Every structure is written in structure tokens, then in C-alpha cells.
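After this come two complexes, each holding chain A, first together with chain B and then together with chain C.
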Partner chain A sequence: MRFIKASIATLFSLVVIFPIIYTISASFFTYADFTSIPAKLLPSSFYLENYVRAFAETSLARFLANSFVTATLGMLLRMGISIGAAYAFTFFTFKGRDVLFFVVIATMLLPSDALILANYSTIRTLGLTDTYLGIISTKLLSPTHIFMLRQYFKTMSREYREAALIEGCSDARFITTLLLPISKAVVITLGIHSFSNIFNDYLWPLLVTNKEGMRTVQVGLTMLGFSENLDYGPQFAAIALLMIPIVIAFIIMHSPIQNSVSSRFAGR
Partner chain B sequence: MVFSYRPFLVTILNSFHTVSIMGERFKFVGLENYSRLFASQSFQDSLSNTLRFTLFFVPANMFLCLSAALLANRKGKLATLNQVFFFLPLAVGLSSSMMIFKMIFNPSLGIVNHLLGTSIQWFNNPKAAMALLVIAGVYLDFGFNFLLFHAALRNVPKDLIEVAQIEGASPFQTFRYLIFPLIGPTVVFVLITNIKDAMLISSPVLILTEGGPFRSTQTLVYQMYLEGFKSGNYAVGSSIATVVFLLTFSILLILMRLQRRRVYYQ
Partner chain C sequence: MKRLLALLLLVMLATQGLFALGQEEAPEAGVSTLTWWHYGSGLAGKAIDSIVQEFNETVGKEKNIQVNAVFQGKANDVLTKTKAILQSGSTKDLPDLAQFDGSAVLDIRDVPSLIPMEDLAKQDGYDLTQLLEAARLSVTYKNKMIAMPFNSSTILLYYNKTAFDEAGIATPPTTLAELGNVAKALVQKDEKGNITRYGFANVPTTYELIVWLGQQNGLSYITDNENGHLGNPTKVLFDENGTMVNFLTRWKDLYATGAVENLTSDVNGAFASGRVAMIVASTSKLTTIHSMVADRFEVGVANFPAVDEQATGGVNVGGGAIYAFDNQSGNGDAAWEFVKFATSPEQQFNWHIATGYFPVHHDTYSMDAFQKHIEENPHYRVAIEQLMESNPKMQGIWVPSAYQIYYAFQSGILRMLEDDLSPEETSKALAQEINGYFEEYLRMQGE
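So, the complex of A and B:
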């Protein structure tokens, strides 16, 4: 029984990662490897030309740079806003605080993909199409981040802050020297989540970027022009290049990733 | 605020007006946009395609992710390897995985038809294209949903399962009467997010099938994108967006009511 379960699981998991393995393998295929019959699973030689062409014939390097800049900038701003907002919602008392908090959290219910029409015309009126700011502007407010940070901040006693303030510590200093070091784990998890969220976004950057030089890698990847000409090698190479570092990071980090999900749900 | 409530209101407002390409409202036309929309064949196709996609995608995805989580819920090195493989699709971004799918499902050059020994026209046959979209949708959600189910299963106390087995419960009975009620909240959560994702599906359509063949995979949000950005038809696009809002909201409300009745938190 155990053996059957293990073999089915292994077979199933191999099917699941097949596209990943095949992409890495196919990035070394020559043109002849794709058309050979029967179809090949492994490359005939260690053929690096696809990687060279993926860079030489497209703006892939530029796309990657754009993605890193927008994702980093977006992540930093989003975390800054989220930490500030969560801090205010936890430690300050002001009129209408709970109503405002509800209003922020309720934005979770508005599906962002259905808002793109109106958001796009806002961005165009502001003249922000084809700018980094345009790409990240709709990503800056994250209700889930604010909610989760507030949940975490609430576990901390308010007396710490009061004691610190009496000793002459400012709010900004309290956040940077005490609050953030204590909540390092949550902040890092949310930061990584933000980064990958903005980095992987597709529909929004597709709309706000028209110039080739401003495209993010997710958008650029679908417009390299190789797959339309059935020239699959360089296309697979470009995908593999983007994918391999993240896959390796995931394999190394597999147990923290699993634990972060289970603790998020145990705490409900 | 500026990018969630304001556009939400603007979208609803626009849907009752005629709107210029620059996004200015001309005049109030009441429900005319909606009556035109509901009469058009294109919209009826989108609506039925979106519902059909949801109907296939949600059960398939729930079944596969839950089975994977149950199968991988063991101890040992091989089990860890299985688990890593199961959530690895999460590491591949949306556009990367859709480009991979586009190539491996190519009817003549793609590896999938070669391995299966078939010659399915994935992009030219309406049924196959819908099946491909469902497979792609499952692949995109698989990693994260697997992690959620896996985490829930890990929190089921081991001694309870042992007691059930000693008492002579079959594996199916153990699952049905012991494990399933305990992971109930996670199941409902995944179900709700899956339905929401399915109603809003657009990017995979955009990259993989572009709505074709013959609009057989044109979904609501994809049509909204077409009307709004390709045809410059802001008012119609906004009406579609409003329909999407209403549909998602009502389905989620119904589900949340059901959840309150059915799921027992400990």
C-alpha cells in the first residue's frame, strides 16, 4: 500500500515538473533536434547557441533590467506604505480609524484585472504610460500586506511604544530600531511575496508599456518573435534563463516556503 | 484608493454612458450599453465560455491538487522530493509557463503530441483549445494550491488517524469522516479563490489561444480587454467589467453563506 502510494506520487510529480525539465533540456536543442522523429527528450549536444541568440537578437537584457528595477522599486514602496499604514492602524487612535481600516481591507474584494480599463485611462491622463512609475503605481497599496502586518504588530504590547516615547524616542526610530527587527520574519516573507508578485505580473505592464525599451521581461518574453517562426530554441533558452535561478532558490528554500504557508493558516 | 475604488466607480459610471477613446464621458445612455451587450453573440460566447471554463477548471484543479497533497503526505526522502516537485510550478512565472505550453502543445513540433502519439489540433479545435486552457489554468494554480492543502494535511493530528485505522476504518472512511472535515476551511478557501480566478481568467487566453478558434476560448475579461484596448470601445468594456464584478460578487456571497452553514471550525 505504501509502495503503491509512493510510486503514484512520484509518477504524478514527474508529470507536474515535466514542462520545467523539458524547457531546460530544449534550451540546448539544435533546430534538427526539434524536428527529429521520434521526438527527442534530451539534446544531442551541449549547444549554447540558443542562449547567445536569445541575447544577441532581442532586448532580453533590457527587459530583465526593467523587471528588476520595477519589482525592487515597487516592493520597497509597497512595504514602506504597508508598514506605515499597519503601524498607524495598530498604535494610533484617531477618529474613523476602524472604518478606514475596513475601507482599505475591502479593496481585496475588487478584482484588479477588471479595473484595468479605468486605471489605464488614469495613467494615460497622468502621462505615465511607458514609465516605471506607471508600471508600479497600481501595485502600491496592498490590503493583504497591511492586514498581515497589523495582525503581527498587534501581538506586541503597546506599553513598549509608550515607554520608548517617554524616553524620547520618535515613531520613526521606534519602527526602525525595535519594531522591524522584531517582525523581521513577516517583513521578509511579505517583501519576497511583493517582489515576485510585481515581477510576475503580465496584463498590467502589457497595457502601460508600448515602447519596446520599457517592457518588463514577462511581457517581452511573449514578444521575442522566435516562437512565431517556430524557432523554438532561443525562446526556450530565454525562458530557462529566467526560470532556473528561481527554481534553484525554491529547491533550496523548500522547507521555509512550506512552513510559511502552514503558519499563515494555523494562525487564522 | 486611487487605483481601486475610483476605477471601480468610474467603470460603473462609464458603463451607463457613451465614452470617447480618450476616456471622456459624452452622454448618459442608461442601460443601452447593457442591452446591446447582452444581445451580441460575442458577449454570449464569452459568458458561456467563462462559465464553462469555471465548471471544468474548478473541480479538476481541486481534485488534482488535493490528490497530490494526499499522495505526498508521507514521511521520508522520496516524499520530500515529491513535495518539492509538486510546488515547483510556482517558481515559473505566468508568461513563462504559458509560452512553454504554447510550444510543447504545438500540434506538429510540440513534444506533447509526440509523447501521447496523437495529433490533436490543440489550437484549431474548439474543444481541444478549451481543454488546453483548463490544463494551463490548473498548471498555474497547482503549486500554490498544493502548498495550501499540504499545510492543512500536516496539521491533522497523526494519532487521530492511527486510532481510526486501529478501529478498522478504511482509507476512504478515514478521509471522508476524519480528514476532510478537519481540512474543511482550507478546502473552502481554495474553492473560493479558484472560482474567483476562473471568472477572471484572461492572461493565459491572451498568450495561449487569443480567444480562438472561432471565439471558443474568448472569456469575459479577455473580451473586455479586446473592446477596451483593441476596438477603443470603452463603454462596452466597462459594461463587461461591471458584469464581471456582479458575477464574482454574487458567487462569492453565495459561497460565503454556504461556508457559514457547512464548515465547522474547531
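So, the complex of A and C:
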């Protein structure tokens, strides 16, 4: 039985991990490797030229730095706003709360593509083109995040907070010492989601930046000219480099997520 | 919480440092700085950088003009970004020059900030006939050249010469009927009867149909208003003039040979790997396809096969052009200096060698270096001779809903082949669908 379980788990993880392994493998492919028949799984040699070219032909290091700064900053601010808003919508009672919540949720119906030109106009008027703030500011409000956090917070008994407040605990302290640790799984998951969402964005950062020094890595990737020249090598090398930090983040974060998910299931 | 704050602070500090790095040096006094948005990535990106560098060091230095080339993503991204600026009404943010492909014409041609390139050329007394007529007409709207052709290409037949030799085929096909015969001879099967090599792979879309419909009877228009070059198209003509039915009939015969694969993506890859023996692709892919194939087999190129013997129009010029904008900086003349430089015979020669786009300036073709180059690279000679023999009036289509029309052609033809529909009903259905897009657009424009 154990064996069957293990093989099923291995099979599924192989499916998930295959693209990652293939990307790393393909980053060492030569031009001919990409077009050989039958298709290759492993490179014919340890070919490093793709990495050299990825760095030599663009300011990849600079693009990577820009992406990390905007994604980290954007993620922290977005999570801060979402947690604060979800907390207020869950635990506070004030006039117009439900209407306000409904308005926030209704913005989910607006596709971001429809807003892109209006947003551009705003950012430009504010003089935020070619700044990190310009790149992240339209990403800061996420109704989905607020909604999910609120649903999660609602599963908590309100008496916890009342008891804490009677003991003289402030809202800020209640959030940091009690609420967030309990909601670790959802907060971390949404955090990672925010990070990769901002990190992976292409059109918006392209729109609000003109200086090469402000470009993010997704824009930098297209500079390698893969689609026009069918030159996949440097592209794969750059993607492989991009994956490393995200994969590490997942490895570090996966045990808190797993623990809290399984403990919640076990508790029920 | 403290740790979070510390982290935030750290990020902010790092941001400060990076901001400083992102700043540019202030431009020198008296120097006009031009911004040129382009979509050249990879090889083309490098070639663009070297044109700009040479300009800045020579003519630009002399005339106090410095060009700043900015890569703005794919062709469509350059358009999106320009449209965003136009809609926000802040024409000051427009670049002085921008490179667009044919799909942008509809959105850009009537913009008040656009400075038609012909106006700039005339102010300078520049003779437009120095440019290849086909290239010039490819950016001519209502009889005015609105942009400068820059990265121009045509469509070409690529074939696996090694496979041709093995099958004993001496000359590449010139018509669709011949293509069918040759393709049949090139098919290879394994012991189980599965096809391991197709003769030809293609599902026609706008790109191919501009040629296959347009070349019939010397010159046929696909839509009214001369394919949209004289104004908005109001209806398609391919149903009335019978070109679509004629093409589809021949295409159905070709498909019936069983040697054609209905491949819609990575056709070049299939060719390079040897799975398909013939494809049609842009001349700008010459360099790429050669390096993809490596020494797997010998590549041959030939004229794009004609629909039939009566289809004598040849091929059209595709690719992109440089547009000039008035961003209230008064850089129009400076912009023209650069455009003139970038399309000069010498620069167009370098550009051709680096990318495979063909030179748009007549004088490039008589340069000794160019003659020597096509002597040594007969493939380029084929591409260029094909263009020279073509009817320059044969032009691409400027239509709304270009994306939908592209897929309408593709899926319409696939449906005909798979469900065995007649060419007549397919042509009728396509005309109806595309006319619907035109009507919708005209209604939105209030015409």
C-alpha cells in the first residue's frame, strides 16, 4: 500500500517537476539540439554559451534586480493593504461596511486590460513613469486577496479579539501575534502569488518604463529575440536563472504551508 | 513586525540606490536628442544599435543630433504603448520615431501627430523614387508615403535540397499543381505506414493569401479601396472576382495528394528537423533557418509557388516601417536626417547582411559589395530577383480586426479540408464573416 502511494506521488510530482527540469536541461542546448529529431531531453554537451549570451546581450543582472525590487515591494505593500482591509471588513462594524466591501469586490469584474490605458494616463500625469512606484502602484489593490483573507478571518471566532482587547491588546498587536500566525498558510500562499504575479507581468512594466535601466526581466527576455529568430537558447538560460529564487522560496515556504493546512484538517 | 519593518527599510534603501543608477545624464546644450522606439530584438536589435551608433558618431555628431534607440517589446507592444499615449492626449510623450509593422497602419495613419514621411522628404528635396517602388507603396496611404520602409521582406519557398536530390527532383515547383506532384514524391513512411516526412506544410492565413489571391491575373485586390490603401475597406472582393474559389480549388487538389501537413505552429522548426521537406516563410528567416538546420541537410530556396500559370503578380512586400511623430520638440528635420541615414544605400546593405531584410534603396543593388554578396549567397539572389519581377502594385491588406481575419482564413480553410466542403461555400462563408468585421468597424467609425 505504502509502495503504491509512493509511486502515485512520484508520478504526480514528475508531471509537475518536468517543465522545470526540461527548462534547465534546455538551457544547455545548442541550436542543433533544439531541432533534432527525435526531440532531445538532455543536452548533447555542457554548453554554457547560452548563459554567457543571456548576460552579454542584455543587462540581465539589472533587469533581475529591478524585477526583484518591484515584486518584493509590491508584494509587501499589497499584502499589507489586503490584510488591513480584510481585518477591517471582518472585525470592525461601521456604517456602509458591506456596501464598501461590495464595491471593492465589484472591481474584480473589471478586466485589468480594460484599465491599462486609463492607468497609464494616471501614472503619467503623476510623473511616475520610469519609477518603481509607477510599476507597482497599479498592482497594490487586490480584491481577490482581500476577499480570500476576509473569508479566512471569518472562520475565527470574534471572541478571540474581544478577549484580547479586554486584556489591553491593540489591534496591531492582535494582528501580528495572533491573527497572522494562525493564518500563516493563506498569507504565505497569497504572498507568493502576489510576488510571482508582479514578477511575471509584462505589458504594464513595458508601458510605464522607457529607460533600459528601469526595465524588468520579462521585458528583458523578449529582448533576446526568441520569437523572431527562433533562438531559444539564451531565453531558456534566462528563464532557468529566474526560476532559481522562486523555487528556493517555495522550498522554504512549503513546510509552513503544509503544516498549517494539515493541522487544520487534522483539527476538524 | 520589527523584522518586517527592517526588511521594508532595507528594500527602500536598495530602491534608492537603484533609482540613482536609473538616471540618465543630461543632454548637451544645442543637441537635438531623438527617441526611436523599435521592436528589433536579437539579431535585428544588434543591427539597429549599430546603425544608431554609427549615426551618432558621424552625421549626428556633425549636425548635433543624437539618437536614442529604445526597444519597446514586440511590434504589437510598440503600438499598444503608442496608442496609450495618444489616448491619454499627452503627445509630448510620443517618441520622435517609431517602428511599426503593417498591422499598426489602421491605428496610426490618421493620427494628427503623425508627420507623413513624404512631407519630411519633400522639404529636403529627397527623391522618393530612390526607394524600391514596392516598398514605398507598402506604406502609401491615399497616395502619400506615410512612413519610411525599413525592415522589408517577402515570402519565399524553402526546400530540403538533400531530399530533392534523393527523390530525383531537379527543379523546385513553380505552381501549386507542381508543388503537389513534388510534395507527393517527397513523402516518406515508416514500416507501419505512418508518414515520417511530409512534402509540404502550411495552412494559409492572411500572410500567404495576400500573395496567393493578389497575384492572380497579374493583380487582384482582396478588398475594395485597393486593399485598404485608399481608405477603409468596405467589402472583400475575393468572392466577386473568383480568386478565392480558384485558389481553394487548387489548394484542395494539393491537399488531396496526402503530402501536405496542416501545421499551424512551429513550421520552421518542423522544416529544420527534416519532418517537412518544403515550407513557405519570410525572406527575413533565411539566416535563422540556415543556422537551425545546421549541417543536417542542404537548404534550397525558390520563388514562392504561384497559384497557377495565370498568377503572374509575384509577391508583395511585408515587414515594417519607421513613422515620425510631432511631439512638440521640433525635431522633425533631425528625425528625417536619421531616417535618411538609416535607409541610405550603405546602411541598408549592412542591415541586409545582418538581418536578411532586403535593402529598400535602389542604389544598394548596384554597389560592388552587394553584387559580390549575392554572388556568394545565391539564396539572397533568389529572394531579391523574385521581388524585382513582382508587380509593385501588389500590396498587403490594411483591414480592421486583422487578428480575427487571420484566424477566419485559417479555420475556414481547415474546415473545408476536414469536412470536405466545396470551395464555393467556403469562399462565401469567408466573405460573409470578413465583411461582417468591416461593417462593424465602419459602424464604430460612424461612416
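Rule of thumb we're sticking to: the second predicted complex is superposed on the first by the 185 of 268 C-alpha atoms of A that agree within 3 Å, B and C clash if a C-alpha of one lies under 4 Å from a C-alpha of the other, contacts with A are read in each partner's own complex, and residues count from 1 in each chain.
Keep this in mind: contacts are C-beta pairs under 8 Å (C-beta built on N, C-alpha and C of every residue); 3 or more make two chains touch, one makes a residue touch a chain.
Predicted, not measured: the structure shown is a model, and the values here were computed from it.
**Q** Thinking of the overlay built on chain A, is A:Val16 touched by chain B (first), by chain C (second), by both, or by neither?
**A** After superposition on chain A, A:Val16 lies in contact with chain B alone.
**Q** Classify the contacts of A:Ala71 with the two partner chains as first (chain B alone), second (chain C alone), both, or neither.
**A** So A:Ala71 meets neither chain B nor chain C here.
**Q** Quick check on the superposed pair: does A:Val247 touch chain B, chain C, both, or neither? Answer first, second, both or neither.
**A** first
**Q** Which holds for A:Leu203: it touches chain B only (first), chain C only (second), both, or neither?
**A** A:Leu203 sits against chain B and chain C alike.
**Q** So in the superposed three-chain picture, is A:Ser121 touching just chain B, just chain C, both, or none of them (first/second/both/neither)?
**A** Both: A:Ser121 reaches chain B and chain C.
**Q** Tell me which partner A:Leu149 touches in the superposition: chain B (first), chain C (second), both or neither.
**A** neither
**Q** If we overlay the two complexes on their shared chain A, which of chain B and chain C does A:Glu212 touch? Say first, second, both or neither.
**A** So A:Glu212 only meets chain C here.
**Q** Touch test for A:Ala86: chain B only (first), chain C only (second), both, or neither?
**A** So A:Ala86 meets neither chain B nor chain C here.
**Q** With the two structures laid over each other on chain A, which partner does A:Leu141 touch: chain B (first), chain C (second), both, or neither?
**A** The first partner, chain B, only.
**Q** Where on chain A do the contacts with chain B and the contacts with chain C coincide?
**A** 34-35, 116-117, 120-121, 124-125, 202-203, 206-207, 219, 222, 227, 230
**Q** Which residues of chain B touch chain A in their complex?
**A** Its residues touching chain A are 1-8, 10-11, 14, 22-23, 67-68, 71-72, 74, 78-104, 106, 109, 111, 114-115, 139, 142, 147-148, 150-152, 154-155, 185-186, 196, 200, 202-203, 206-207, 221, 224-225, 228-229, 234, 237-238, 241, 244-245, 248-249, 252.
**Q** Provide the residue numbers of chain A that touch chain B in the complex, in ascending order.
**A** Listed in rising order, the residues are 2, 5-6, 8-10, 12-14, 16-17, 19-20, 22-23, 26, 34-35, 38-39, 41, 103, 107, 109-122, 124-125, 137-138, 140-141, 199-200, 202-203, 206-207, 218-219, 221-222, 227, 230, 232, 235-236, 239, 242-243, 246-247, 249-251, 254, 257-258, 261-262, 265-266, 268.
**Q** Which bits of chain A are touching chain C when the two form their complex?
**A** 31-32, 34-37, 57, 62, 65-66, 69, 72-73, 76, 116-117, 120-121, 124-125, 129-132, 172, 176, 202-203, 206-207, 210-214, 219, 222-231
**Q** Would you pull the chain C residues touching chain A in the complex into a rising list?
**A** Interface residues on the chain C side: 1, 4, 7-8, 11-12, 14-15, 18-19, 21-22, 24, 35, 40-46, 70-74, 77, 80-81, 83-85, 87-88, 90, 93, 268-269, 272-275, 285, 288, 291-294, 296.
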